[in-house]
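Each chain gets a letter, A, B, C, D, E and F, in the order it is written, and its residues are counted from 1.
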Amino acid sequence: MKKPRYSWGLSALMLTLLFALPAFADDAPAAAAAAAAAGPPKIDTGDTAWMLTSTALVLLMTVPGLALFYAGMVRKKNVLATMMQSFTICCIVTIVWMVAGYSIAFTNGNAYMGDFSRVLLNGIGANISKGADIAFTLGAGTDAAAVQTVPETVYMMFQMTFAIITPALIAGAFADRMKFSAMCIFMTLWSLLVYSPIAHWVWAPTGWVSQLGVLDFAGGTVVHINAGIAGLMCALVLGKRVGYGSDNMAPYNVGYAVIGASLLWVGWFGFNAGSAVGANGRAGMAMTVTQIATAAAALGWMFAEWITKGKPSVLGAISGAVAGLVAITPASGFVLPGGAIVIGIAAGVVCFWAATSLKHMLGYDDSLDAFGVHGIGGIIGALLTGVFSYGPLSATDASPDGSPGGLAQLKLQAIGVVSTLVYSGVMTLIILMITKALVGLRVGQEEEREGLDIVLHGEQIF
Amino acid sequence: MKLIMAIIKPFKLDDVREALTPLGVQGLTVSEVKGFGRQKGQTEIYRGAEYHVSFLPKIKIEVVVPDDLTDQVMEAISKAAHTGKIGDGKIFVMDIERAMRIRTGEVDSEAL
Amino acid sequence: MKKPRYSWGLSALMLTLLFALPAFADDAPAAAAAAAAAGPPKIDTGDTAWMLTSTALVLLMTVPGLALFYAGMVRKKNVLATMMQSFTICCIVTIVWMVAGYSIAFTNGNAYMGDFSRVLLNGIGANISKGADIAFTLGAGTDAAAVQTVPETVYMMFQMTFAIITPALIAGAFADRMKFSAMCIFMTLWSLLVYSPIAHWVWAPTGWVSQLGVLDFAGGTVVHINAGIAGLMCALVLGKRVGYGSDNMAPYNVGYAVIGASLLWVGWFGFNAGSAVGANGRAGMAMTVTQIATAAAALGWMFAEWITKGKPSVLGAISGAVAGLVAITPASGFVLPGGAIVIGIAAGVVCFWAATSLKHMLGYDDSLDAFGVHGIGGIIGALLTGVFSYGPLSATDASPDGSPGGLAQLKLQAIGVVSTLVYSGVMTLIILMITKALVGLRVGQEEEREGLDIVLHGEQIF
Amino acid sequence: MKKPRYSWGLSALMLTLLFALPAFADDAPAAAAAAAAAGPPKIDTGDTAWMLTSTALVLLMTVPGLALFYAGMVRKKNVLATMMQSFTICCIVTIVWMVAGYSIAFTNGNAYMGDFSRVLLNGIGANISKGADIAFTLGAGTDAAAVQTVPETVYMMFQMTFAIITPALIAGAFADRMKFSAMCIFMTLWSLLVYSPIAHWVWAPTGWVSQLGVLDFAGGTVVHINAGIAGLMCALVLGKRVGYGSDNMAPYNVGYAVIGASLLWVGWFGFNAGSAVGANGRAGMAMTVTQIATAAAALGWMFAEWITKGKPSVLGAISGAVAGLVAITPASGFVLPGGAIVIGIAAGVVCFWAATSLKHMLGYDDSLDAFGVHGIGGIIGALLTGVFSYGPLSATDASPDGSPGGLAQLKLQAIGVVSTLVYSGVMTLIILMITKALVGLRVGQEEEREGLDIVLHGEQIF
Amino acid sequence: MKLIMAIIKPFKLDDVREALTPLGVQGLTVSEVKGFGRQKGQTEIYRGAEYHVSFLPKIKIEVVVPDDLTDQVMEAISKAAHTGKIGDGKIFVMDIERAMRIRTGEVDSEAL
Amino acid sequence: MKLIMAIIKPFKLDDVREALTPLGVQGLTVSEVKGFGRQKGQTEIYRGAEYHVSFLPKIKIEVVVPDDLTDQVMEAISKAAHTGKIGDGKIFVMDIERAMRIRTGEVDSEAL
């Protein structure tokens, strides 16, 4: 799985070029002077402490958070296989990220992807010796260099946990029917060819989306829209589950899903407040708006369901919470509590409609609503960030107004959304085709009826 | 002896058990089952997919009684398990040829 | 639910006045000079990192901690409904706290409640712009102003997680029988009218209990006695569960309860050590005594049960641990390991007796022992804090002796306990009456037999 | 259980002397001057924040992490009893550590054990008063004194969580058959007589293993080899489970085990990165290599199983992850990502072989592979640390080369491994004999068939 | 009336139920059971201990039908549950003496 | 053929199965049930509320055998499941009219 990495790297490059929308930007060569002045920057222990913690919190989101959230919603015969997906993706992406993903995403490269200077994390230990603890500079040597207050290992690890959860979210769309081998191959390719480039666009100072000024604090485009649209493609290509619409597909244990959603919530504090890359006022505000939007969205979905279906379901409340978490993600470092409550309610109500009506109308089988919650929720959040962004939160001495919301920003946000949808959608289709050619995508019908736990892993829950 | 097998609504179990004690029924065996019948489950909606839940949780009671108790037991069960709403369940009666208490080796009606 | 907030605020005010015990104190107008000197205080990143982490840990206590702890102890048919209670309370209180709760609790106001200057978190973002990161001053402008080293958002969020768990604890008392709609209304009112005022009394520098010198490090009175007595009122007003004393009410899955209790334990490090509002020696000591008291209480309950009933039950061990956590809460920043071990053993043994004998004798049905564990445990802890408090831990330059334990302190502690019991008990009764008038409190008997999962939420665990 | 602590202390001393391998070293009396200069050292809030967090993370590993991991692998009838073991050990060791364990491990004493100056944590609160927050100096007064940047309470608590998990790991070996009373006694003795002395050898600056220069960053010898060999002894002395090899001993709920393994993974970030005792570059690197080795090991086991048995099992993937976590533990602050990947793969493949073939060949019944995973994994890690250690990571101004790997270091590592195996193995046997004499070790055969949940605790899972 | 008790492979349940509806079968009761038979479970290996898994998950269907439907129902079940591989299961037929619908008190074939 | 239905203590299942193999019994079906009988559960105390646990976990074995094996099988089960303590359980015998193996269509004693 890890052998042909350079060739993957190359194809990534080529594909990225293929879909690159605007023209190439110049690789900012000058102006590395600023950062070099006055000795190397030192880390701040408080900021580092919070980022180490945030990394643990975001890992907690995937294992066991997402594993439980998803496993609780499938049928008994697929519970273990579903957990296995999250767990295995966590392992695979760790290695992919170390080998090349991080380098593609966060080195300077060009506007569309990074270079290969950090392949195999080459050189990442350089700044540690003798307790020197030099802080990491993102985009070092470019004129957008951003000096951090944490070591590069911590920055890399924090980003790794994002790289892990994104593909794991996709798995909700093809739950109950994908081959395990296909999943392993698909996820390896997807992480390299879709996640890493988009992360570069949006979060590397040299990325074209970032340079346009699109706002995405913690991953509305990179993580949620990206995973959502990829999930939709998977659901469309793989087709519906056997028995969809006739068999009872009631969740085996909504209790697991509640635990999972709760751990997602808690872990999301690391995700959003951690995206401040420091323990500061912005992190505090990000945590605040995360909490408020989540609660508002859960209540929004709950009341929408209560009114339209007669009962507030537990599954609805937790789905709403996740929708709120998704929607506030891009906005979290940019909006105030007032904006958060609007984003939350919008996410709760619209995702309720997407998961219970839109999906039904369009007739695809996105088993656990990867698109309905992450795709739609992400789009809502990304756009509303352009509306509610409050300038002073992102103000610096260099840019004293920060990035206030408004029509101009909203347009930029739309560009971010559309380019993610297009690139991720198309690339996902291509990768699905490749995977299908290699090992096939779906288990046999009889196997699907028997359940993936026994068929794929030889185990079952009693 | 007869085996009386009753399928009832789960929350009626305690009532049924209490109704049988005065008749001298000393033992019974209970299983969790799923029933399919005229009572249709709600149409359940999981995040947009509607499923007709055809199987509903029920309790199966199996109790072996001497022949002469059969009527009374059927009567008692049907009264205690009755709600009048669809899905109340059924009572079936089968013949038991032999019975044995493992602990003592007693057989037939002694064994109940 | 959120519409008539100003009228609630007013009734809160009126009720608070009604039950106010001593006379009104003057709103300390002078002496805001000290804090204003030499530029605004800066945050400390280390302290902020720990408080962000603590906030996540305390959220973890409610969802999924308490949700699991409680759900594991009810019968199968009520598992999801029980989880739903914790989850929904988390959402509702988040909004209530944002709208008015925080303002009532932590602004200056008078001795009985804060003012409305922070309604809707108005102005909370002011100190963040351009990375200024000004630290929060609690009670700013009063002569008891306490300058913190963290941003106000973080302080507010940390306190929000306390506001969330307190009402969630009450739910243990009425488990298995309360209407969901009634619960939503009750909790909204309770949070505003009971929790916020008491939090103000005890933790705002202007609060009358605080000014008396009552010690409550992390919430013995505000959280546990408060929730415990409210739970007792609920149990009394709602009446016993159908079948209580005759049906088998064995817990469905003690395993869930073990996970829940464990997460409570871990999260409680944030609760108690976080109450130092910084990463310092006092936080370390608070964590130490928390661990010791918890272990001692678990062993205390376990051995008490082993000796009197013949077997040490798992449910007993975890109940003991929770009792220990409760009892050490008010004491945690004030006592040394020796005191902690005594508090722990006392809590374990007495709560064992309260939950297994006292409750039986008095004949109320507090389903999951909200009163027996949180009420009794909180009282033990609050009183023993007055005995074992070790002055130097709370010593400052201003008060070089700190608050040593002794008869005088014990009396103060008793005042704190009694006023919480009276105010919370009476107010809870009133709110229950209001809720009953609005929607009724209890589900029908047939519905209770069928189980809340299906009846209230249309779902079940398989 | 806590009464005869001084006599235990004495026997500990005697036994330690008995097995002491080299001659006695002098108690470094001079050179306490360095640390005393220029006022007492202050704590660093960032480092303290991270250590408080790490402590919570490591507690999370035992309860509920290990409790779930182990409980998920036993049969239904023993699920609660298995959780009870982890939970009770957590409580017992807390008290043992407070009473004498910490003092034996981390005070100066001699090369084989500490002294009794911190019995009952005597004096641990001294440095806190008036917010002085003096930092802890490990080995104060010796010439190897190591000034920390955190308060002693925090250091003590962090170490306590290690002391807790180590005996809890052993429980995997005797799962399903040990008496609860026997377990309580065994664990009390083992913690005092085995864990604390070995911790002293390796981590106290005065310890003989530490002075030799053996590298063990986070506990390869102290925790894993130690627990592994103790587990093997228990498995041998207690004998096989009734029905071993004929009855179906399939795990009741591999899902629980997945959650448990995931929490172990997340918590291990505190274990390994926390062992840097600060929020710095070394912590970041420790976290990085932990993640990489874990993923590599999980994939290693998974592919090894896929190839040899035809299916990749979920139990295999999570077992591999744990094996990787174990193996990277001693290496975590010393190696780079390249070394980590090799250590991970080696651990995954070799532990797979140990747990599925070696155990079978040798014919002992180590129920949950305490030896196969922790013993073997720990040995692999401890030895490979000697190979891959990268000097600059451990370099300081005093030792500018750090501890680079090589043949010399490998030999030292082997000494560490062997002395742990011998001391722990022999002592464990002795303690088992004592326990057997006191209360017997194993439940009756009928009771074992009926299941420990009902027999020992009067409870069951439905 | 006859009680037809069928032990089948779990994933065949939906097929069997669908096969019975056209015959006019209005109700049935289902339990999760474990079967021991010629079909040997895989030899499972848990971390090195090999166990021969002798019990396999099966579904037990109990359905009471009028005498004259017995053949058709057996036929339908055996067709729907058939895979041809070992472990497909069994169908047993017993006599039912009496039946009663709890809701209405109807008896015998009325009650089915 | 006869259906022998035995209610036994759960931990006796392996013993019973082993006792039947030598008699040529090739298959049986097992369910988890709860039993109510003379054996009273412990009075359980959950945090102060005492409940009389009247239902105890039991295992129900259903095995269909040719008529002539009935005695031996009853004998074997009762020996293997015997502990002499209250709650050991019962054995009931019913008549089976027809049997069928789904896989092959074989019927009656061929099908067992």
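Going forward, a residue touches a chain if its C-beta (ideal position, glycine included) is under 8 Å from a C-beta of that chain, and two chains touch if they have at least 3 such contacts.
Predicted model, so just to flag it, every value in this text is computed and none were measured.
K.L.:
Treat each pair of touching chains as one step and give the shortest count from subunit A to subunit C.
P.N.:
Tracing touching chains, the least step count from subunit A to subunit C comes to 1.
K.L.:
Between chain pairs B-C and C-F, which one is joined by a greater number of C-beta pairs in contact?
P.N.:
C-F
K.L.:
Quick one: which of C-F, B-C or A-E reuses the D-E interface, over half of the residue-numbered contact pairs in common?
P.N.:
C-F
K.L.:
For subunit B versus subunit D, what separation do you get between their C-alpha means, in angstrom?
P.N.:
Here subunit B and subunit D have centroids separated by 53 Å.
K.L.:
Mind checking the centre-to-centre distance between subunit D and subunit F? Centres are C-alpha means, answer in whole Å.
P.N.:
46
K.L.:
How many Å are there between the centre of subunit E and the centre of subunit F, using C-alpha atoms for each centre?
P.N.:
18
K.L.:
Indicate the residues of subunit E shared as contacts by at least two other chains.
P.N.:
Those would be 31, 44, 54-55, 94-95.
K.L.:
Among all residues of subunit A, which ones touch two or more of the remaining chains?
P.N.:
44-47, 49-50, 53, 246-247, 250, 279, 315, 458
K.L.:
Line, ring, star, complete or other: which describes how these chains touch one another?
P.N.:
Contact map by chain: other.
K.L.:
Sort out which chains touch which and give me every pair.
P.N.:
Chain-chain contacts present: A-B, A-C, A-D, A-E, B-C, B-E, B-F, C-D, C-F, D-E, D-F, E-F.
K.L.:
In the complex of these two chains, what residues of subunit D are touching subunit C?
P.N.:
Within the complex, subunit D contacts subunit C at residues 1, 43-50, 52-53, 55-56, 59-60, 63-64, 67-68, 71, 79-81, 83-84, 87-88, 90-92, 94-95, 98, 120-121, 124-125, 127-134, 150-154, 156-157, 160, 180, 256, 279, 456-459, 461-462.
K.L.:
Across the complex, what residues on subunit E touch subunit B?
P.N.:
Residues in contact with subunit B: 3, 17, 26-31, 64, 94-103, 105, 111-112.
K.L.:
Looking at the complex, which residues from subunit A come into contact with subunit E?
P.N.:
For subunit A paired with subunit E, touching residues are 77, 243, 246-247, 446, 449-451, 458, 460.
K.L.:
Touching residues of subunit A toward subunit B in the complex: what are they?
P.N.:
So the residues of subunit A touching subunit B come out as 73, 244-251, 309, 315, 319, 355-360, 365, 368-369, 372.
K.L.:
Can you list the subunit F residues touching subunit D in their complex?
P.N.:
Residue list for subunit F touching subunit D: 10-11, 14, 42, 44, 57, 83.
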